[in-house]
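Just below sit the structures, each encoded as structure tokens.
There are two complexes below, and they share chain A, which is joined by chain B in the first and by chain C in the second.
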Partner chain A sequence: MASLIGFYSLIFGLCVSFLIILFSIKNFRNSNIFDNKIISLTFLQFFLVIVSFLSLILSFVKSDFSNQTVFNHSHTTKPLFYKVSGTWGNHEGSLLLWLLVLTLFIFIFLLKSKEHNKQYRILTLLFQQIIIIGFFIFVIKTSNPFNYIFPVPNEGLGLNPILQDPALAIHPPILYLGYVGTSIIFSSTLAATSLNYISKEWAKHIKQWILISWIFLTLGILLGSIWAYYELGWGGFWFWDPVENISLMPWLALTSLLHCILVLEKRLALTSWVVVLSISTFTLSMCGTFLVRSGILNSVHTFANDPERGLFILIFLFCLIFLSLFIFFFFHKTKNKDSNSFFWFSKETSILINNWFMIYFLTVVLIGTTYPIFLEVISSKKISVGPPFYNKLIIPFLIPFLFAMAIGPKLSWIKSDLKNKSYLILFLIISLLLSAIIIKSFNINFLINTILVTSAFYLFFITLRDFFIKGFKNLAQNLTHFGFSLLILSILFNNIFSTEIITNLKIGETFETDKYKINFESIEQKEEQNFKAIIGKFNIKNFDGNIEIMKPELRIYNQPNIVTSEADIKTNLLVDKFMTMNLVQNQDYFNIRYQIKPFMLWIWFSVTLISFGGLISLFKKKYEA
Partner chain B sequence: MYGRKVKLRFFFIILILLTLILSTFLILKSLEENVVYFQSPTEIKALYEIDKKKIRIGGMVKVNSISMAAKEIKFIITDFKNEINVTYSGVVPNLFTEGKGVVAEGYLKDKNFFLATKILAKHDENYMPPEVKAALEEK
Partner chain C sequence: MKLRIFPILLIVFFITIFFIFYKGLQNSNIYTPVVNIEKNIPSFKSKIFSTNEKISSEQIFKGDKFYLMNIWASWCVPCRDEHPLLMILSTQKNIKVIGLNYKDNKEKAKIFLKELNNPYDKILLDENGTLAIEWGAYGVPESFLIHNNKIIKKIIGPLNEDLLLEIKKLAE
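Entry: the complex of A and B
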């Protein structure tokens, strides 16, 4: 029953799309007032998708296995929380979520843009409806979440256990809010370009949307990263895996857009660049969906998938790119030619420098991610591009990037000078000395590490100084930059100071190094609702006599029958102690990994800080430069 | 001769071109060095000489081939045509099981012996890396 309602809501939702287009075109030509019927219709569409989404959730909660999606991804013994989160933990449900967010955002957009030009609002709606229709057809045709199975099975196949996790339950919705938020930026930019509506006011208004997507995207990436850290049991937080990269690419594009929209808002310059960035941001988000769903990418995160879906998204994506390029080349007019030349030492230039670096990072990630695909098509050689590629190309460029990030905000618009900026040199010397002292006491490559740490410390101190001197003025920008310096510092120290021990142990055995003594005391078994747990007890003696008890876990899930390892993580302010164990079939040995990872908490904290800065900017009434 | 503005613009364009060339060069060079090729045991048997570079090997873990000791795990990767012995000391993923697909990254010692530095995890019991699938289909 619920499936039926859900499916027909989707069909009706698609029909409403055509109604909206019809009314919009009529309204666009005829009257001068925005027709409120359109808003009601947009709401109706949103409502229908909600109904459809809720009925899918209901099917999951009731474990209605006549629904194929539920059958494939749920099980009666699963806890209620994961039954609900299982709704979007699969392809069909997650696309329904895409659709939900698409319709929600355009509805909010129409409500929030009342003071804007009628034609602009309608055209934005029209562009958004094109995307919405594309996704409606995609969902209904290739990934209908409401397919029937007959005869009705008694039991479902269950949700992949590694997805049964609180962080991953909320990761997709948050990430999608970020991804789909870029669709509004895309539609609105196209509308503004075709109407020649790009102005300082428009920049101000679209900045809100950029901020919203940016905040959600940042948080979404953070959640995914935290999940990978404790669930995948590798003790890392970023693997340069294709699936991670494709969430990073829109983020990089969005971040540069966020910066250059400021120039547009202040000086009405860089309009073409803003348009290009808006288009590419959305395209990258769509590409992300395409690459994840088509299974083209060879990723450790890959789930089983279906090439037909990939083809549909690819065609759709090409249409959208073609449309946007067409609009960009034929409608886009640059105005205010004279304001396009910047003085070399000014805030505008520093924002441009930011953009250059961002685009460079984006290019590196893009090439690293897609090169294997192209090579396979051309030469049928199968390759993968590993972390060294990214590290080598990105890390050296972080140094000037961080310096520019510290100095840039200190410059004024139009023309800047070096008056009263002697503290910049002072802080440079302090950071240099501090990093040299820290790095010297460790046996690592001195030069590069010192310079890296110096640049991060530099940004750290400069932004820290601003908190004291400027207080709440410019808080948002300062907070994000501060957060970024903290992030880089934490990552650097985390990399430099991490240690790990990997060994195989039988129960009762002890492993000894010069610093640690690991004793595998015992195992116990436990029955849970939908899995059986094997909990190991390890006694770890530190070189300074401290004893730590670690209890990593192995979970054997009933349905699907999968073993996962749950890391035991002891977190404190400075250091994470991380332990996983694994059992290889028919062996007495347990595979053990023990890691000491400093500053993990600070990595999470700094990213939260970064997105919090965005939040402040969003709620601040007016922006002070 | 030329105005200040023209000179500035000229300088700017040169700068952009230089950056572009430099970054393209860097990226390409780095790609060349850091790419990891994927090979099946059969492809390795057909090699003329052993490459010193890091590669990936994919196939099935041969049934009853895993043996574990304190320091290392030994097993055999097979594509049902040829086999290769793998030695590995490190973390094994949860889905590493006899009779299932596996991808190992590391260095070849000779045509029969592979020293793995990493075994790649998968998320889905039914999922098979595209490379393994292709390698198995070729037989």
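Entry: the complex of A and C
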């Protein structure tokens, strides 16, 4: 029953799209006043998608296995929380979530843009409806969440246990808010370009959408990373996995867009940059969807592979790309030619430099992610591009990037000079000395490390100084830059100072190094609702006499029958201690990994700080306006 | 003119990317488990099907001969399909076919062999399926080509004509 309602709501939702288009075109031509019927229709569409989404949730909660999606991804013994989160933990449900956010955002957009030009609003709505229709057809045609199975199975196949994690339950909705938010930016930019509406006011208004998408995208990536760290049990937080890269690419584009829109808002320059970046941000999100959903890439995210789906998104994606290229080349006019040539020592130039770096990082990630596909098609060789590629190409360029991030905000618009800037040199010397001391005292003497740490410290101190001197002025920008320096520092120290012990132990055995003594005390078994746990107890003696008890787990899930390894992680302010154990086949000993990972908490904290900066910027503009 | 060339180049570029992605879609990307090629065979002890005598792996797989170890069961339908091919292999002088009877009823297995003939030089018993796990098998039927105590090829699922030719070539 719920499935039926859900399915028909979707069909009606699609029909409403055509109504909206009809009314919009009529309104666009005839009157000068925005027709409020359109807003009601947009709300109706949003409401229908909500009904559809709720009925899917209901099917999951009731474990209605006549629904194929529920059958494939749920099980009666699953806790309620994961039944609900299972709704978007699969391909069909997650697309429904896309659709939900798409319709929600355009509704909010119409409500929030009342002071703007009627034609601009309608055109944005039309572009957004093209995307919405595309997704409606995609959901109904190739990935219907309400397929019926007969005879009705008694039991479902269960949710993959590695997806049964609180961070991952909220990760897709948050990430989607970010991804789909870029669709509004895309539609609105296309509309503004075709109407030649790009202005300072437009920049101010679209900046809010950029900030919202950016905040959610940042948080979404953070949650995904936290999930990978706690659940996958590999002791890392970023693996340069294709799916991670796919979320990083729109983020990079969006970040540089955020900087460009500031220039546009202040000086009405860099319009081409803004248009191109808005288009590429959304196409990159779509491209990500294509790469993940079509199964063209291998990664930790295993969605069902279906070439038909891939083909649909591919064609849709390229239609959008060609549409935007067409609009860009035919309608886009650079308003003021000389406003694009800046004095070399100014804020504008430094933002431009920042953009070029961002584009470089973006290109590296894009090539690294898609190159295996190209190579396979052209020469049928299979390769995988791993962390060394990204590290080699990105890390050296972080150094000038960090310096530019520190100095850029200190410059003034239009033209800047070196007066009262002596502290910049002073801080450089301090950072250099500090990092030299740190690197030297721990005996890891690589030049690149010293310079990297120096540049990160430089940004750190300069932003820190601003908190004291400028107080609440420019707080948002300062906070995000500060957060970024903290992030780079934490990642660097995490990389440099991590240690790891891998060994095989039987119960009762002890493993000793010069620093640690690991004793495998015992194991116990525990029955839980949908898994059986084998918990090991380890006694770890530090060289300075501290004793730590670690209890990593092995979980044997009943549905589907999968063994997962649950790491035991002891977190404190400075250091994470991380232990996993794994079965060795047909042997009575376990494979033990014990890792000391400094500053893990600071990585999460700094990313939160970065997105918090975005949040402040969002609200600050609101009450100033 | 400069402005005209750029959009055209860009469009050509995107069309190329489209076709590459389109081609890429057709390549299947389903994970194939890493095959245990060139791994030493596990050493084990087992019972012989007909006599219930105990035998160790060292006694079965000797030196430089080629062996095809085939995991089968009377309840397994694809095993029936591949059986004629095993019969052909059993006539080859340089390959010995060894059977591993997997989680089977002995009487039914005997009837199966009576009906379809016995291609196996020796048949080992794996009543509870533990031996198959040690070999890293995924299911029945499955075959391992063994030479010098090493697995040189692993075939998941039933044999077919092409695989048969390949096995013959490898054993030459």
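Basically, the second predicted complex is superposed on the first by the 614 of 625 C-alpha atoms of A that agree within 3 Å, B and C clash if a C-alpha of one lies under 4 Å from a C-alpha of the other, contacts with A are read in each partner's own complex, and residues count from 1 in each chain.
The criterion applied here is as follows: a contact is a pair of C-beta atoms (placed from the backbone, for glycine too) under 8 Å apart; a residue touches a chain by one contact, two chains touch by 3 or more.
The shown structure was predicted, so the numbers you read here are calculated from the model rather than taken from an experiment.
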Simultaneous placement of chain C and chain B on chain A, clash or fit: clash
Partner chain(s) touched by A:V385 [first = chain B, second = chain C, both, neither]: first
Contacts of A:T564 with chain B and chain C, given as first, second, both or neither: first
Partner chain(s) touched by A:F374 [first = chain B, second = chain C, both, neither]: second
Which superposed partner A:I321 touches (first chain B, second chain C, both, neither): second
Contacts of A:L232 with chain B and chain C, given as first, second, both or neither: first
Chain B versus chain C as contact partner of A:P400, first or second or both or neither: neither
Partner chain in contact with A:N160 - chain B first, chain C second, else both or neither: first
Which superposed partner A:P79 touches (first chain B, second chain C, both, neither): neither
Comparing the two partners chain B and chain C, which touches a greater set of residues in chain A: B
Touched partner set for A:N582, first chain B, second chain C, both or neither: first
Colliding stretch - chain C into chain B, listed as 25-33, 79-87, 97-105 or 115-123: 25-33
Common interface positions of chain A, toward chain B and toward chain C: 295, 298, 585-586
Chain B - residues contacting chain A, complex: 5, 8-9, 19, 23, 26-27, 30-31, 33-38, 54, 56, 66-73, 89-98, 120-127, 129-131, 134
Contacting residues of chain A [partner chain C, same complex]: 290, 294-298, 305, 307, 310-311, 314, 318, 321-322, 325, 329, 373-374, 376-378, 585-586
Residues of chain A defined as touching chain B within the complex: 160, 162, 232-234, 295, 298, 300-304, 341, 344, 356, 360, 363-364, 367-368, 371, 381-386, 388-389, 392-393, 502-505, 509, 511, 560-565, 580, 582, 584-589, 591, 593
Complex interface listing, chain C residues touching chain A: 7, 10-11, 14, 18, 20-31, 133-134
